[in-house]
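In the two complexes that follow, subunit A is the common piece, with subunit B as its partner first and subunit C second.
Up next is the complex of A and B:
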């Protein structure tokens, strides 16, 4: 579903991402962990077509993000860690705007908006301007907007930041459901416990380079993900 | 069309405010004309003899006592400057604001090409300029009917056409600037509009600077020249439109290649 091949992104002299290769298959929840400034967000933004990259390639559903950006983006949903939404819009206007861009039919969008807004308990706030939303509410709205066009691949940058425990639990349920139905999820997180329980595969990045990847069992074995992560951080220091 | 509708919705309040303000001021001037008409002959003579001041605003070439002369000077300055500010304001922020407001990331991750973004935003700018001009023309004509003056259709329509073309030029140039800047665009846009206005004043005052009329869009939209000549200078309009189109082309070239900082 998402194939990253030898991705390199440089800022001046510094390589933010250095020859990174990953493969996320349909049905997988793929976790991406690393210290602050490791290159997680740069990798994610390059995959979403926000940032151009210096070399390598990113394929989504078999299509190149460079050669077929619109085709890739029509299959993709991106949820940033700090969603900047159109503050002057109401929640429902924003969702309809996103649905219009993706060409979601009126009946289908109504069905999905009701479903997810009820799930995340945001229904009563949809008529309010986004400027009145808390960070958590904006995060929920961004999640709903990502789900209403039924993407095949969801890329998330620290999606649990700002979500209350119930919303976090619901998001995990939705992630499992999407993958069970053939979708794929690629997300970065600092919450290793969540990654440990949720992910089928995991990749650890440091200084822009991939230092370990594989299934959860392959990466952590009998140890906790936290101890494996800390050990790898020390060894590759 | 999604982005176009989004832009129009976002700009609704601004469009209403600018149109109402400019329309109100123009209507006020027209509605006051009958009261002032009786005194206009002496006022007109006085203004015509004020040397450079008269020349700067074209009052040495037209009569303040006729509706079209009065309109060219009073309403011309309102619609000229006000319209220029409006066109600059609409255009100079429309591309840059996505970076400034950090919503560029939203656009970049959705299946909307940069060319579509530019085209739909440009369409929104042009539509707003058209709407503002149609409504202010309607307000002016309506005011003239109310005061019962005979409407000098040719001169009024020529002036409004010239102001509209002037706004298109300024809008095109500022749209180009919008692709290059991330913030501070409003100051640049309004500054350009003011500079263009004063260039025309300089050209009116000094014979040696008359060539400047070919640079500033206020040159071909000068109400006094239009009434005196009975037409809009086609060469100036062509130069102006070429500059506006150059701004738009620059926007396309720059924005499609720009490393957008979300």
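Up next is the complex of A and C:
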């Protein structure tokens, strides 16, 4: 579903991402782990077509993000680490805007907005302007907006930050459900316990380079993910 | 601590002036020079108006022994100017800065934070005060020779005036803060827009009658002087202080500083409460309704409309042309007979005027078009939300086209109504009316394209307060002054070619030139602007 091939992105002299290759298959939850400034957000933004990259390729559903950006974007949903949304819209206006852009039919959006807004307990607040939302509410709205167009691939940057425990739990369930139905999820996180419990595959990145990837068993064996991560960080220092 | 906070405030201003985009690279020297030149031009243009007023008042008043009244009148204008310049940003600068929570969580006294916030408002107020007081002092010193002490007194009074303007702006900002905490967004915006339009109406009313008032003031100087002496003694002393009277200077300084101190103390006490107040109006509960789907272009256009109508600052500063077109259309219908009579009188004396009426009307419409600069800050206003459009399956051209179309709709439609009403009121024939209307539409598209292109070239996505990109950014200034320049060039060309070309043909050529320029800029946006947008 998402294939990253030799991705390289440079900011001036500094390589933020260096020859990174990953493959996320349909039905997989893929965790992306690394310290602050390791290159996770840059990779994610490059995959979503937000950030141009210097070399390599990113394919979504077999289409190149460089060659066919709109085709790729119509298959994916992106949830950033900081949900800066349109403060001048109400929650429902924002959801309708997203639905219009992704061409979601009236009846289907009605059904999905009802379902996810109820799930995340946001229905009553949908008439409020987004400027009145808390960080967590904005995060929930960003998640709902990502789900209502039923993407095949969801790319998330630190999706659990700002969510209350119940919403975090619900999001994890939804992530599993999407993967059961053949979708794929690629997300970055600092919460190693979440990655350990949730992910089918993980990749660890340091200084823009991939230092380990594979299934959870392949990466951590019998140890905890935390100790493996710290060890890898030290060895590749 | 205050010094550190003021430094931060000034650094924020410096970053806005000198840095570009999220990469934080410095603006090029050329851009900065252009910015400074445009600022200087704007200040000189306004300063010139006040120079002319001062020149009208100064000599007769000084000769009549009322030099103090000259300074008092100009001083009051400077106070009003200072307040006018800073009032629109006072509330947001004082109470709505994005780093309020961060700074309030630090061991920072609210009074120190308030003082630092006041710095930004003070600078705005100072610029507007200087724009009036510098010509005032200049005229006085050219016409009447004065000593060094008097000049020093005039400078000190100017500083006092700027502090007093700041104080008034802060009081108004505080009142807005108190009111806005209890109002719904829509009502708040309506009141703000109505108040701004009211202020502008007063401004235009006074402006159109200013010379009559000046003559009345000169003629009745003694009576006005007596009244001011008896009822407005601080104003009297302010005038005397400018003439170098030491005691009056002390009295003026004491009054201004005492009021400032008092207000500063009062505002410090309520600062945290207002800065951290959330809107307490009753929250609307969402009720599910039948939904309707729409197309991508319609969704993007609706988004632009919501962005525009959702912000008072945007609405008032960039949409004035729309309001003026509609008011103009109504005015020419109501005052049609008067207008026709006036033109008949003028053409009796100067028969050649009849020919240039369509040209003058087209130029007026173009100038009103230039007061709509909706597209000029529209890219910058995406700010930190730009990821939304960049991650969606819409092309950059579709996004930019929506910005262009919205600007054109908001300008060309009311412009067309105004053009038709004005042409009818002035008795223009069909061909003239059609050309005037075509010219207005072409100019609306030209303004939209130029503003958007400038914003793509000079974007600022890192603003803390949206007022900075709406009111003080280079794209907005270039958008407005560029339009004026275009009108000036066309007027200049008319003086060159007007004699060899019938006015109808000239108007057609001018419309074609503007339409071609608009087409050229739009093509640039489609080819290069889209790449810039995608990489922002």
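We adopt the following convention: the second predicted complex is superposed on the first by the 237 of 237 C-alpha atoms of A that agree within 3 Å, B and C clash if a C-alpha of one lies under 4 Å from a C-alpha of the other, contacts with A are read in each partner's own complex, and residues count from 1 in each chain.
Just so we're on the same page, a contact is a pair of C-beta atoms (placed from the backbone, for glycine too) under 8 Å apart; a residue touches a chain by one contact, two chains touch by 3 or more.
As the structure is a prediction and not an experimental result, all values here were calculated from the model.
**Q** Superposed on subunit A, are subunit B and subunit C clashing or fitting side by side?
**A** Clash: subunit B and subunit C overlap once superposed on subunit A.
**Q** Looking at the overlay, does A:187 come into contact with subunit B only (first), subunit C only (second), both, or neither?
**A** Once the two structures are laid over each other on A, A:187 reaches no partner at all.
**Q** Regarding the shared-chain residue A:129, is it in contact with subunit B (first), subunit C (second), both, or neither?
**A** After superposition on chain A, A:129 lies in contact with subunit C alone.
**Q** Between subunit B (first) and subunit C (second), which, if any, makes contact with A:78: first, second, both or neither?
**A** both
**Q** Contact-wise, after the overlay, does A:120 reach subunit B, subunit C, both or neither (first, second, both, neither)?
**A** neither
**Q** Classify the contacts of A:106 with the two partner chains as first (subunit B alone), second (subunit C alone), both, or neither.
**A** So A:106 only meets subunit C here.
**Q** Who contacts more of subunit A, subunit B or subunit C?
**A** Larger number of subunit A residues touched: C.
**Q** Mind working out whether A:92 is in touch with subunit B, subunit C, both or neither, as first, second, both or neither?
**A** second
**Q** Considering each complex separately, which residues of subunit A are in contact with subunit B in the first and with subunit C in the second?
**A** 45, 48-50, 52, 70-71, 73-74, 76, 78, 80, 84-88, 97-98, 100-102
**Q** What residues of subunit A sit close enough to touch subunit B in their complex?
**A** 45, 48-50, 52, 69-71, 73-74, 76-78, 80, 84-88, 97-98, 100-102
**Q** Going by the contact rule at the top, pick out the subunit B residues touching subunit A in the complex.
**A** So the residues of subunit B touching subunit A come out as 2, 5-6, 10, 101-103, 105-106, 108-113, 259-260, 262.
**Q** Can you list the subunit A residues touching subunit C in their complex?
**A** For subunit A paired with subunit C, touching residues are 45, 48-50, 52, 70-71, 73-74, 76, 78, 80, 82, 84-89, 91-93, 96-106, 109-110, 113-114, 123-129, 132.
**Q** Which residues of subunit C touch subunit A in the complex?
**A** Within the complex, subunit C contacts subunit A at residues 185, 278-279, 283-288, 290-296, 298-300, 302-303, 306-307, 310-311, 383-385, 387-388, 390-395, 534-535.
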